[in-house]
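Below you'll find the structures, each written out as structure tokens.
Okay, so chain A shows up in both of these, paired with chain B first and chain C after.
Take a look at the complex of A and B:
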């Protein structure tokens, strides 16, 4: 039997297996966040990265639970403290037939941080590499400036390109399809900005064969419209199901819902930067204070104990979140087992406040975005009423993210709601960005907008970032996390669940990192 | 006429210049795009690199004059998020929006004129009252709500029409249009209807008011007395005279239909300019916001201009050179 005939018969057989025949081989996905570029190195943004996962592959990848898995590299090891060696998968071809070799790794590492006009580059993952040494076509050694155990994790974000095709190619050439060739499970067909990306199966893929002949990756930003498109049968699969619809959808026998606890923590940041009075904190009668009560750990702990996290996750989030007491959920590397969320204890909180010298309470304003995180404005309203109950009269002010985040970055607020997605799936990410002392040279505390600082935590974190041994590093990260949480550097509220909905004849392996990929969707049997 | 046109053109140029200043300051005041665009994982060094890459480290006046200089050469800047020329992005999306706005205008005329005529000729009949009451709803119901209801009824419940998106398109004059394919038309109906609700009501009201005023005019009475057929009286003597306000308003409304198709486009995921501008505002893609608003300013200026000229054609009493501009 010729190969052509065999594949024809296979296709016929598989189309019989799915109800609806050829139509079932097309998967139409609707995502809520716009994909803005096909160039995998132009803008480091999760919707773009999710799409890039279809067309391209990294050396490493992460599975649905954020654990590191091999992709274009079959194995890797630390040769010494500053050298990583990657063994590449042989026989991998780009969509245009070119071979994937070690030269391409060198080219990719050089390009990732140097795309013109990039508003957020991949240089944060590749900057640490000082030298790429091509040992043979399938072996490459990366030398790092310092001991850097996270390199294999960081490289899971960097999609591999072909030197021959992509040298001198501009972002527009990817968008037009001229050079949109990767090694990924799907090939590029067409891209209409703000509307859709059409893909087709890469039959020469090195990995498992995909069940979908074609994939339509549509962008429907409006929540209600996206849900309606699924219910009307125009699309097969949607992400970011609004929390108000989840319960109803679970009842609806036309659709199937998949969810998983994610890696995004929603928390309150507090002003640690000022010692003499914080702009939105005042005495019980509105009088200015000569010291910042938020510098007192008893006050911070009281504010944290005053929040009924169960009420927020069950009522405001309608079950689409779990109460949080640390950065990462159970089952993820560097989570501290048994370290739960602070107990809800309004009486204890009042006692702590009195002990700290505020028996008559305080006044405070809490700020937050109203268009960024799921139910963000409603969460701070809930927090405001919990705080008011322990005598901290709280004003709540929600505003658009664009205005909010610029002001938060200038340290204008006293207490404010933000979220953090730990893309690496380990605690080094939030520790380094959110609670480590702000330090430009080390790249620490870039999102530490409350300017929390604790030398002991910094020391443990630096030690962890220089420890290649996974077990030892996990212990150090847990110790650092415990310090950050015991000291209430931030007030964790909850960790979001990621939710998708699909036609009932589909199944989905829900990803903790929020990425929406056709590879995770399968026909149900 | 020539003097008038020249004077109008010079005024328009001033308006455009003033708009660039207002726009630039306004967009600058909304917030800092870097905070939105940058990956949360970025450290301080990456942040500084990105600020410099987008030219945001320059003082505002320098950014403005760079923009103005490029704009005079037809370059309205590059989109921060798409890394493509802003003008190209907008022009790519324009046919979809134009098509939607045209379809909505057609709906407004073919539904609004006859209904308005009926309501004007028989003001006391029950059906006329129903028409007028419905037109109040058309004015006052919010578009996004009506849009969602349309989707719920016709797409989710009845399954007659596709819920969102733009269907298959066919090429005509080098541009993709969806009204040329039957499937494309099915995608067009709901968003166009949703967008035209306000305009239908407006045309009904204008037509009715015009008819009520005109039927009492002497020349209409005279035409009747002369024994002309009622049809001829209505379609020649009445309709022709009430067309002037209807044309004016429809043309001016056409501009706002394009400019404010934002809501309809985002609900129906219609890939037009309105959806582009909303997406761009969310991420503070300054070049696209500025370029889009500049195009809208241009469009309004041209439309007003055209209406003035059309006036003189439709109404011989209007002489452009007689006006003091």
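Take a look at the complex of A and C:
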């Protein structure tokens, strides 16, 4: 009797322990943006790239602070100005047992830019490679068309495939799981489009062993539903916590919030394209002006000084952003140490305006999207309120993104709110796209919608893009950034934080590049 | 159909002293209207709301449309907080530091202006077209009434959204959109009434006197078609207010710095679940009360002006 009872209790206890263990080894993640394909080269989109990093590896990778780290390549070096040599990690196997070799690198680079029907091609990362030379099974040399120091950075976005398995495989074969084999920390189990992806641990992984036996990667687009799923315990981990909920979640001791300053800057672009009057700038009584006040650096500086960035980040963004004075946050390559945001100084702003010849102020309209960035319409209203207080009577117009960006691209606005995510994690991306002189052929100024132009900045940028030495390049990028900011080419407002929330017993290494990965989640001890 | 004679007798007995003195149609109308205490109460509330809206700039402690008066550091303050400017935010503030009480008063002003203005313009357009259709008949009638059918076959919010997508934002464009959506109701109603009235003897008499057509239509036909139109007018004012609020809620109506009730509700909508209810709640109540009192007044008007219910 007692023996029977004891064994029964023992059985119950062990089954409980087993259930507890199994539960602890399954991680359920809910992400806010849908994954559109398992094919790592089909659609260059953050949610897809985040999932691809579970199944596949690149030659290089980036850590949570967007710094370059070795992945399938153990080391790399510039042999000369146009040749990069990568030493591959030996003994790496794909999920189906095939070896990873230099041949696979050659195959991957040829395929990445040539996926049929790709809505956003990975060719932007591989186009610069003119030739791939397989030196031996674990050494590969990539020749570039021009001097291109960013190649190792760009290749962190390109997931390596197996020539034997993936030659002639179509995107559908990845989605069905037929060829969804990579070298990554997790193996593919099942993909239900628009709903979830199921993964299991790759026990033959070359890197550190993952704590999760299984990962359910679910897609819950609705913000409220995703938050509710976490609070109800249906999922363990969510991304994109709405700013309105962050404060409440931080106080809730059932959950833990992780956040990190991201790489997306929110800024105001100004009309530099016209000298004789800007369409939405007028004199203090609404009269037309015969010159564009925004061409005067004192006016631009006054507008920048008038904005209380602390108030915007603490009140409008509820702490989910930090005030910005340059493109990138601290700790990221090519950030200028000690170069903070302009000091909030409405009196100084009024003096500067008077000095520039506008003692009675101005009238201006500020435009922006209302459905693109976090709290976008609220930010421009707040800016409008700050400007009105220094005598620049501001009208605020928020509109849907599609309408807005088409008009902004045609230089229809005088001052408008936009954002920029620096995908490369360094300053050449915003410098080249946002403030370099517009030049379609060089690919410069593609998003320079205010048409700012400064020959000195262009010169420094071009020099930086042709400099392989990391330290020298960083100095050049910092110099160019300093020019852009001293000259108020744009008015930086803030850099967004990326926010995740999880059950109390988990810890997360939050990534600056917004990617949500199971590898960054660990049980708390 | 006819109410019990006993009740009618009581009514006329109660009204006897007044009617004995001087029975003008207006006095009779007022007396009939006052029969419903609810309607009178609703009318009083409506007058109060209208006065609040008209004198908003005197009553409100803050001009919510002046960006220089908003302080973002006062954003999302709960009701009863004293702000940086020194006065108490009795209904709290929204995310921009806009005093909700002031915002609601100014918002009511926009709502009532847009509601009354667009309903009245729609009334004029719709009535004119409906009368023309009824009086001239034939092709004119077919043309106008098929247009009405076409118009009524689309959901009104869809039509309004299409018009605003085409014209762009702005209060005037919202009025245009509402007029386009609503004129058809007047046209259809007035045509029905006018078709009956134009076969009456007084119209025949007017035609025998060789009065001009506009004179017959507007001086003889129109006044006799008015009662149902007045009822529709009140109902459509409420509908226009709701439609404006909807369009503003969707971000297609008024500019973000000059919110009407609909936009105030939209501004606070995201905060509902995080405990800051007041940003949406109070403008919502204001909108609700306004529409309900107008509808109550309209209901009573329908009862009073409908001869079949009176006799």
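The rule is simple: the second predicted complex is superposed on the first by the 506 of 525 C-alpha atoms of A that agree within 3 Å, B and C clash if a C-alpha of one lies under 4 Å from a C-alpha of the other, contacts with A are read in each partner's own complex, and residues count from 1 in each chain.
Keep this in mind: a contact is a pair of C-beta atoms (placed from the backbone, for glycine too) under 8 Å apart; a residue touches a chain by one contact, two chains touch by 3 or more.
Worth saying up front: this structure is predicted, and the values here are computed from it rather than measured.
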item	value
Overlay on chain A: chain C relative to chain B, clash or fit	fit
First, second, both or neither for A:423, with chain B first and chain C second	first
Which superposed partner A:172 touches (first chain B, second chain C, both, neither)	first
Which of chain B and chain C A:44 touches, first, second, both or neither	first
Touching partner for A:79 - first (chain B), second (chain C), both, neither	neither
Contacts of A:524 with chain B and chain C, given as first, second, both or neither	neither
Touched partner set for A:377, first chain B, second chain C, both or neither	second
Partner chain in contact with A:224 - chain B first, chain C second, else both or neither	both
Partner chain(s) touched by A:244 [first = chain B, second = chain C, both, neither]	second
Chain B, chain C and vertex chain A (Cα centres) - angle in steps of 10°	40
Greater residue coverage of chain A in the superposed arrangement, chain B or chain C	B
Closest approach of chain C to chain B (Cα atoms, Å)	8
Residues of chain A contacting chain B in one complex and chain C in the other	224, 400
Residues on chain C engaged by chain A in the complex (per definition of touch)	66-68, 70-73, 75-76, 95-97, 169, 251, 255-257, 270-271, 273-275
Partner chain C, residues of chain A touching it in the complex	224, 242, 244-245, 247-248, 308, 311-312, 315-316, 370, 377-378, 381-382, 384-385, 387-389, 393-400
Chain B to chain A touching residues, read off their complex	30-47, 49-50, 53-54, 78, 80-84, 89, 92-93, 148, 151-152, 155-156, 159, 162-166, 266-269, 271, 275-276, 278-279, 282, 284
Complex contacts: residues of chain A adjacent to chain B	34, 36-37, 39, 42-45, 116-121, 123-124, 127, 171-172, 175, 192-196, 218-222, 224-225, 228-229, 231-234, 371, 400-403, 405-406, 409, 420-421, 423, 429, 433, 440, 443-444, 446-447
